[in-house]
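When the chains are written out, they are named A, B, C and D in that same order, and each has its own residue count from 1.
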Amino acid sequence: MVGYAFMGAAHSHAWRTAPRFFDLPLAIEMTALAGRDAERVAAAADKLGWNSVETDWRRLVERDDIDLIDICVPGNLHAEIAIAALEAGKHVLCEKPLANSVEEAERMTAVAEAAKAQGAVAMCGFSYRRTPALSLAKRLVDEGRLGEIRHIRAQYLQDWLTDENAPLTWRLDKSKSGSGSLGDIGAHIIDAAQWIAGSNVTGVSAILETFVKERPVGGDFVGLGGHGGADGPKGPVTVDDAAVFTARFDNRAVGVFEATRFALGRKNAMRVELNGSKASLAFDFEDMNSLWFYDSADGPNSGFRKIQATEPEHPYTGNWWPVGHGLGYEHAFTHQVVDLANAIAAGEQPTPSFADALQVQRVLAAVEASAADDSRWTAV
Amino acid sequence: MVGYAFMGAAHSHAWRTAPRFFDLPLAIEMTALAGRDAERVAAAADKLGWNSVETDWRRLVERDDIDLIDICVPGNLHAEIAIAALEAGKHVLCEKPLANSVEEAERMTAVAEAAKAQGAVAMCGFSYRRTPALSLAKRLVDEGRLGEIRHIRAQYLQDWLTDENAPLTWRLDKSKSGSGSLGDIGAHIIDAAQWIAGSNVTGVSAILETFVKERPVGGDFVGLGGHGGADGPKGPVTVDDAAVFTARFDNRAVGVFEATRFALGRKNAMRVELNGSKASLAFDFEDMNSLWFYDSADGPNSGFRKIQATEPEHPYTGNWWPVGHGLGYEHAFTHQVVDLANAIAAGEQPTPSFADALQVQRVLAAVEASAADDSRWTAV
Amino acid sequence: MVGYAFMGAAHSHAWRTAPRFFDLPLAIEMTALAGRDAERVAAAADKLGWNSVETDWRRLVERDDIDLIDICVPGNLHAEIAIAALEAGKHVLCEKPLANSVEEAERMTAVAEAAKAQGAVAMCGFSYRRTPALSLAKRLVDEGRLGEIRHIRAQYLQDWLTDENAPLTWRLDKSKSGSGSLGDIGAHIIDAAQWIAGSNVTGVSAILETFVKERPVGGDFVGLGGHGGADGPKGPVTVDDAAVFTARFDNRAVGVFEATRFALGRKNAMRVELNGSKASLAFDFEDMNSLWFYDSADGPNSGFRKIQATEPEHPYTGNWWPVGHGLGYEHAFTHQVVDLANAIAAGEQPTPSFADALQVQRVLAAVEASAADDSRWTAV
Amino acid sequence: MVGYAFMGAAHSHAWRTAPRFFDLPLAIEMTALAGRDAERVAAAADKLGWNSVETDWRRLVERDDIDLIDICVPGNLHAEIAIAALEAGKHVLCEKPLANSVEEAERMTAVAEAAKAQGAVAMCGFSYRRTPALSLAKRLVDEGRLGEIRHIRAQYLQDWLTDENAPLTWRLDKSKSGSGSLGDIGAHIIDAAQWIAGSNVTGVSAILETFVKERPVGGDFVGLGGHGGADGPKGPVTVDDAAVFTARFDNRAVGVFEATRFALGRKNAMRVELNGSKASLAFDFEDMNSLWFYDSADGPNSGFRKIQATEPEHPYTGNWWPVGHGLGYEHAFTHQVVDLANAIAAGEQPTPSFADALQVQRVLAAVEASAADDSRWTAV
């Protein structure tokens, strides 16, 4: 694994936990952790449970005892690492967004497709897909329960930048993160919407906004945000604070998307709602174990049902606890590892593939292009 | 009063009820009801409690025993009636949207301003403003509790057109209604957003969509929609089924709006949320007696509070029942009458004025222009 | 009508409004209002819309132009008025609880049954039955949707006495009100539970508690409670502040009841939940237009559905507004008048009858007896 | 660790995970797993990650390489194992309820107190205490935010026995489980209520009910319940299906408790609400990352706040994910291990102690005694 921050901890937990709750066709060894700072990577490996360390990710690519490379670093490094790993015949799990540009994502996808012929598979870490309630949403759509889909509305609302003195982290530096709320959280709802609806975005009209143009350099990090010094030096915020856009899908649905880190009081409100001709469904990550489902077949006594997606029949949950004993954020990462291991063993392409992630990347690029040109309608 | 359908019943109830719960400075007489069909207007007057009837609204304008004309007919008739009434020195309460075009609305506003000098006042019936929880939202913003407003998201979601055989009513005929979901329900959220935020929309980028192009002529009406005959003749739907747009406000906030009658399961989800630098608030008419308020001053134990807007200290509610004994949809109309009567007696301009409603009309027009030109950014 | 306080206003509104929204078989005349204080009753009649006044309720009984007497005074006066009215051949609508003792309630019921033979009907005002969502709950149970009912839990939680200086009103004086939270609000949930379940309470084990033993005399009334002077004279609270009890029903269900005015933050949380072998339902008056319904027939994707009880097919709501346009507290009183008028015209017994209310009275008495004897199990 | 079923999996996960997210003062070794069936215990040890196995728990007590014994077996075995372990100088973590009788619990508590002097500590696994939102509730009460507590209502509602053919598992066999819903889930809400309120139950009046007297022997287990064969042999259910009781606390609060496995649609609704003179709080495990808090200090704009108990300042959550990224059921077990390890290292008594659990056991016994004697008031 490369990287050991927020995502590194989540992924490590997943590798450690998956075989304890699921019967996997492969044995998992947490072989090596890579990071540039020798001391810090050693401490992280000890904490997170990795057997060895490297200070150069290239060493992971070279080592014969490593079959898969898990990339948990900022987006500007994804392409180089993923391509090297795939070309060396390693399987790759790469955090989202796939890359910081469509061009990089296209190259990665091309390499992934070539590597697949050699037996190495690539997967992009849109982890929310494996939240049981969202997997259930996908299942209901695939079963045709919704009929023709007319509306898709998706929001990802956070508030950790509301404080004007929250510090300038790498997530606010375009050279590392590629974009702000758009790529970080907007990418999740674009992927979720397209995946659940089984339909791609064909065009967008967008606004990107940076409410706070400068922020303190340094400062204490707490969670994603933290508290910077109001009096110290400041640096420029080079990414968007909020991204909002309308969209059309190839199934004729009309979409509305909003991603922001300034929705005070909304902590991790990753929301998706689909309205079909026969049924509707709605999800909010702040109540992540529930899926709301409205079925017009229930007649005048229809109403949005709060399905607790914790039944043995629901995706993934039968391997955990009894009904109503909710899962948490990190479980989706464990399920991602489970599905990846199963796909590798079966010689199948895990999803989302790099091609799926490339489609998301194209939407991100269209949003940026539209926003840069006065919300002009931009085809994907 | 002119008109006696859905709005006519609501307005009649308001005129009848206002003096029973509020101390008004004026006596209210429900003098006359006008409608074209003599038999039906007589039956309606009897049912709704009007003392006389006319089959031509012009008679109301002529009668000396009438001081105020309440206009509850489709939008294509608003301008003519309102202008005649104001020019005759009558006060006017006109249903929303003010008109079917900016040009009409401008003329009406000009006449209203002239009439005001003569002592006749004009008000537009954006009744939701008087829902206590929304009035409370406005009060909190006016008190500065939200700080700088960054996001405004407003939705008006209904589902009564989801059935492809719902009948072709006047609300789907552009010549009468002017537009579809946009003017009917979109106008409400545009007005509410601008009013609560104390800020106007400066530009939009919009999509209008008509999902079902033809519908049965005739059919049974039930509520707003109903069930048409699937096999009978059909006529064209000439208005939008859904309107979605992004917006910017003159306070720098970014807005997202969505109005639709195809959000299956959402019955009357008129929703407004504002995120500020200090606090946020959210409202959903489906739970109309509550206002959700998040105050960052509460520190780490902040959370959206469900304020039951039924306290004696809250707008309007002290005149009704004890706390927690919720009000209904029609109460806002009663409050509208109360405020109008008070304004007339005090010689003040009631709100929303025709000028306020004209601003909404300009946003509606900008949305239509943008949608007609591939979502081009359109200034208001 | 006798009485013109909180209930008087609600009843007046109902008599005034019922014929405007429902087709009634009888014409309603609001003939006379009675109250002891000539000046205040005259003002109230003017405000509430009554055509004449009397300072002695006995005059209402004597007047030939009065067909029905509506009793909205404290419980200690119910028996005398209702009996006199029924014996004079008037129909009676009597506020709940029916009386302040089982003995009174028995006498009233006997007179009501005799009067019925003479064509005068009696009804007790358990108005919550006519809240559409609760009427829908009853319908679902009657249709057999719940199967065998195992649990009934009912709460009526208010908080207007939490303040130790809330004033000593008549509701806290046993000689007038009979009991405290038990008869005032507990009676409502006992009636609702028995009515919806179609089953009577057979025994109880109870606690009554008075948290605050003395309260200020006088003080300002606001809503039900208000603010008394902390330094002025105090008088004894002679009723319960809270009543909690377990119960058994004749359908074998186990019940839990709780009524209190000290549940800080719960304003009017009148809640009923039934769990059956096939389905469950839950209601909370704080969201009065919704009924939550869980149907196990929905399989693994079951979940509590939030039914917005505002459809044309739902009880009463077809006469009001389109779906999702919620009703308020007072609508149940209007529906009560509608059903009473229909029953009178049809020569049928309206429900709840005095006999139904007597059954509630017996539960109240059993609760008091149990509480007075150390929670001893007490048969009803 | 002894036992490897539902609780065994949860505890194993906790031991494995605690050092990865928390800095512990002790190293954790998962040394040995004990169970009677050699083959099954070996498979479980492999799956759950234990280094060795024993087929007799007494071997764990004898082994020198074991410092702590974690007891995850049915209640009838707790006393023997815990006493032997403590007497051998091992620390003990024992699942709840502590025992199947007060007598056993008293003996265990006496041994635990003696062992403490020898440096071995004992803790009972009321894991819900470590759910962050409930820990936050406790903190708010300890800070005096609630004022004088008047009402405590606690429910634990499940529905896995609603199906009359759910199989007869050990949880329905009194000789193993001691009691039914009472000890299994009622114990949790008794502990939570007493702990959060900082006050003990002093007396109860109770009903225990067994709705379904016989159930299929065998059958498939799924989660806690499952599907038995309707046609096969049946055996007697010897425990309660539901337990309801009223209670008084030594702080004068009035309590209502309800534990059942027949509340159809309620999956794991472990709920606690406290109403104080200054504030109220409410929790429902079905939305386990939230705490609802009503603070009357907020004045007329008070309302129950939905606090997402995921802030860095909240108990435990700073060691996991950013705000709004919810935790799941098993995290409480991890926190339990963290606090136990810290207590052992510091030479302090972890909570809940066996004495705390004995108090719960006394309440359970009083409930059973009251129910057996017609709900007679029974002092604890």
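Convention: contacts are C-beta pairs under 8 Å (C-beta built on N, C-alpha and C of every residue); 3 or more make two chains touch, one makes a residue touch a chain.
Since we're looking at a predicted model, the values are computed, not measured.
Based on CA centres, what chain would you say lies at the far end from chain A?
C
Contact counts by the stated rule: is the higher one at A-C or B-C?
Spelling it out, more C-beta pairs touch across B-C than across the other pair.
In whole angstrom, what separates the CA-based centres of chain A and chain B?
A distance of 40 Å separates the two centres.
How big is the gap, in whole Å, between where the Cα atoms of chain B centre and where those of chain C centre?
Distance between chain centres, rounded to whole Å: 35 Å.
Nearest whole angstrom, what separates the Cα centre of chain A from the Cα centre of chain C?
53
Would you pick out the residues of chain A that each touch at least 2 other chains?
266, 302-304, 308, 312, in rising order.
Any idea which chain B residues touch chain D in the complex?
My answer: residues 136, 140, 290-293, 298-308, 311-314.
Show which residues of chain D lie in contact with chain C when the two form their complex.
Checking each residue of chain D against chain C gives 150-151, 153, 155, 159, 162, 164, 205-207, 209, 211, 242, 244-246, 248, 252, 254, 256, 258, 260, 262-266, 275-280, 294, 296, 302-304, 374-377.
Show me the residue ranges of chain B that touch chain C in the complex, using the header's touch definition.
For chain B paired with chain C, touching residues are 6, 9-10, 12-13, 16-17, 20-21, 47-49, 158, 160, 222-224, 266-269, 285-289, 308, 310, 312, 318, 320-331.
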